Amino acid sequence: MNDIFSIPVRVYYEDTDAERIVYYANYLRFAERARTEFLRALNIPAETAKDGSRCGFVARHVELDYKNSAFLDDLLTVTCEIKELKNSSVNIYQEIKKDQDVLCTINITLVYINIDRHRPTRIPETMRQALN
Amino acid sequence: MNDIFSIPVRVYYEDTDAERIVYYANYLRFAERARTEFLRALNIPAETAKDGSRCGFVARHVELDYKNSAFLDDLLTVTCEIKELKNSSVNIYQEIKKDQDVLCTINITLVYINIDRHRPTRIPETMRQALN
Amino acid sequence: MNDIFSIPVRVYYEDTDAERIVYYANYLRFAERARTEFLRALNIPAETAKDGSRCGFVARHVELDYKNSAFLDDLLTVTCEIKELKNSSVNIYQEIKKDQDVLCTINITLVYINIDRHRPTRIPETMRQALN
Amino acid sequence: MNDIFSIPVRVYYEDTDAERIVYYANYLRFAERARTEFLRALNIPAETAKDGSRCGFVARHVELDYKNSAFLDDLLTVTCEIKELKNSSVNIYQEIKKDQDVLCTINITLVYINIDRHRPTRIPETMRQALN
C-alpha cells in the first residue's frame, strides 16, 4: 500500500516521560502533524482563519489503541488515511509505526465547523474533491 | 453525586492553541492529573518504580468525546470514576467539565504491567482493595 | 518573606522526560502559571483580548539558572516578584523551589505590546498602580 | 556561513497558544531538537544511559532573547553552534530563524554530569574531539 500518506516523526526528550517512553497524549500530537501535512499536500490550510472562511476542522471523537511503546530517539512513521467523508465530517484512520511494528492506532472524526458559531458546516466542494 | 472524585484544573496559555481553545491532546494531560491524584488519595504511587515492584499502569485504550471547547483561564473540573476492575486492568470514566457543562468525556483502559517484561500482571491485592 | 507571591505546582508525568526529571522547558510553563495567578490576584487579565485593548505582555528576555532537578510527584513552590517596572516593560524574578531548595531561578522581562502592531506600548496607569 | 549546523522545524498547532503565536517555552523544545540532531550527526547519543556511562548533558544556564514571533505553519530554521568547550561543560549558541529573520536567540550552557551522583564529570576524550 504505498499510496498511504505518511510522515516520519523523530522522538525527542520533549515527547518522553519518566517511564522512559513516549507520553500517552503525545501520540495525538504526532497524529495531528501527519494530518496537517496531509492537508498541506492537498493544498488545504490547517488554520481556520487562513482562507477567510472562519471555518475549520475540530476533533469530535478519538479512539486510541496503544499496542506498544515508542522510546527516545525512535524514528516513527505516522500514516493518515481518509475512511469516510460525510457532509460536514471526515473519519480518518492513522497508524504510528516503528518499522513494521504498529505501536498505536488512532481513529479520529473531525467535524468541519464555523469557529464563531461553533456549528457544523458543509465541507466546501473544492475541499471535498481534494479529500476524495 | 458528591462521591465522585474530582480535581480542579485551570487552563493556562500552555494548554491552548492558535484556535484560542485547549489543544485536543491536552485533555489527556488533565485526565492523567486527575487519575494521579485519585491514586494518591488511595495511597497508590503513580510511578512504577516507586514501590520497588517495577510494575505500573499504562494506557491500553482511550476514547475521547469532544462536546465543547475549553478556553484560556477556564476553571475546569476533572472527574475520575472506576467502572470496572479486572485481573490486570481497570476501566476508568472521566469527565472534563466547566460548571455543569461536560466539555469532554474520556473512557480509558489501563493495564497493570511489569515494565521490564512489558507484560500484563495481576493487580496486587492491596491495590485491588483500595480501588474497590 | 511571607509577602512574596507563590503558587504550588505538582509535577506530573506530562512534565517529566526520559531522564526521569522535569524537562528543561517545562520550568517556563510553571513560571507562567505563577505569573498568571499573580496577575489574576491583581485583577489583571492574562489574555490580551480580554479587556478589549488588544494589548498584553509578551516575553522579551528570559534567563534560567538550573541548580537542581525536579522529579515526578514533587510538590514545588513557584514564586513571582516584580523587580522593576518601566514605561512599557516589567522585570520579574521567579524561583522554583522544593521545600527550601531552590531548583531553578528565572529572570524574565516582559514587554507590554499592542498585539496587532506588535509594538511596545505604555502600560496603562491602573495596571501600573496594581503592579506597584 | 554554510558550515553552521541547522535543522528545519515546522510550527504545528501543538506549538502555538491562544495569542496565535508559538508559546514562549516551545522555542526550547525546538532548540533541543537541533542540539540532539547536531549530536547525532557527530555520533553522540542523546540519552545518558545509551552508552552505558550513565553520563550525559543537562542544562545549567539558558538565556533567550525573543525578537519576533513565530506563527502556525511557519517553517523555521534552528541552528546550533558550539561557542566554548570546557572540561565538563559546553556553551552553545542557537538561532531560530524564519527565512533571514532571527526570531529568537538562545545561549545555553550544558554540563556533562553523572546522572546517579548528579555531579559534573569530564567530557570523554572521543566526545571532545567530535565536538571540536
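The first chain written gets the first letter, and so on, giving A, B, C and D; residue counts start at 1 in each chain.
The working rule: a residue touches a chain if its C-beta (ideal position, glycine included) is under 8 Å from a C-beta of that chain, and two chains touch if they have at least 3 such contacts.
Note that the coordinates shown come from a computational prediction; the quantities given were computed from them, not determined experimentally.
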When you check each chain against chain A and chain C, which touch both of them? B, D
Using the stated contact rule, I'd like to know whether C-D or B-C comes out ahead in C-beta pair count. C-D
Of the other chains, whose C-alpha centre is the longest way from the centre of chain A? C
What is the distance, in whole Å, between the centres of chain B and chain C, each centre taken as the mean of its C-alpha atoms? 27
Distance between the CA centroids of chain C and chain D (whole Å) is 23
At least two partner chains per residue is the criterion; list those residues in chain D. 13-14, 18-19, 21, 25, 29, 32, 47, 72
Considering the complex alone, what residue numbers of chain B touch chain C? 10, 12-14, 29, 32-33, 36, 45-47, 50, 72-73
In the complex, chain B residues that touch chain D: 13-14, 16-21, 23, 25, 71-72
Under the definition above, what is the set of chain D residues touching chain C in their complex? 18-19, 21, 24-26, 28-29, 32, 47-48, 56, 58-66, 68-69, 115, 118
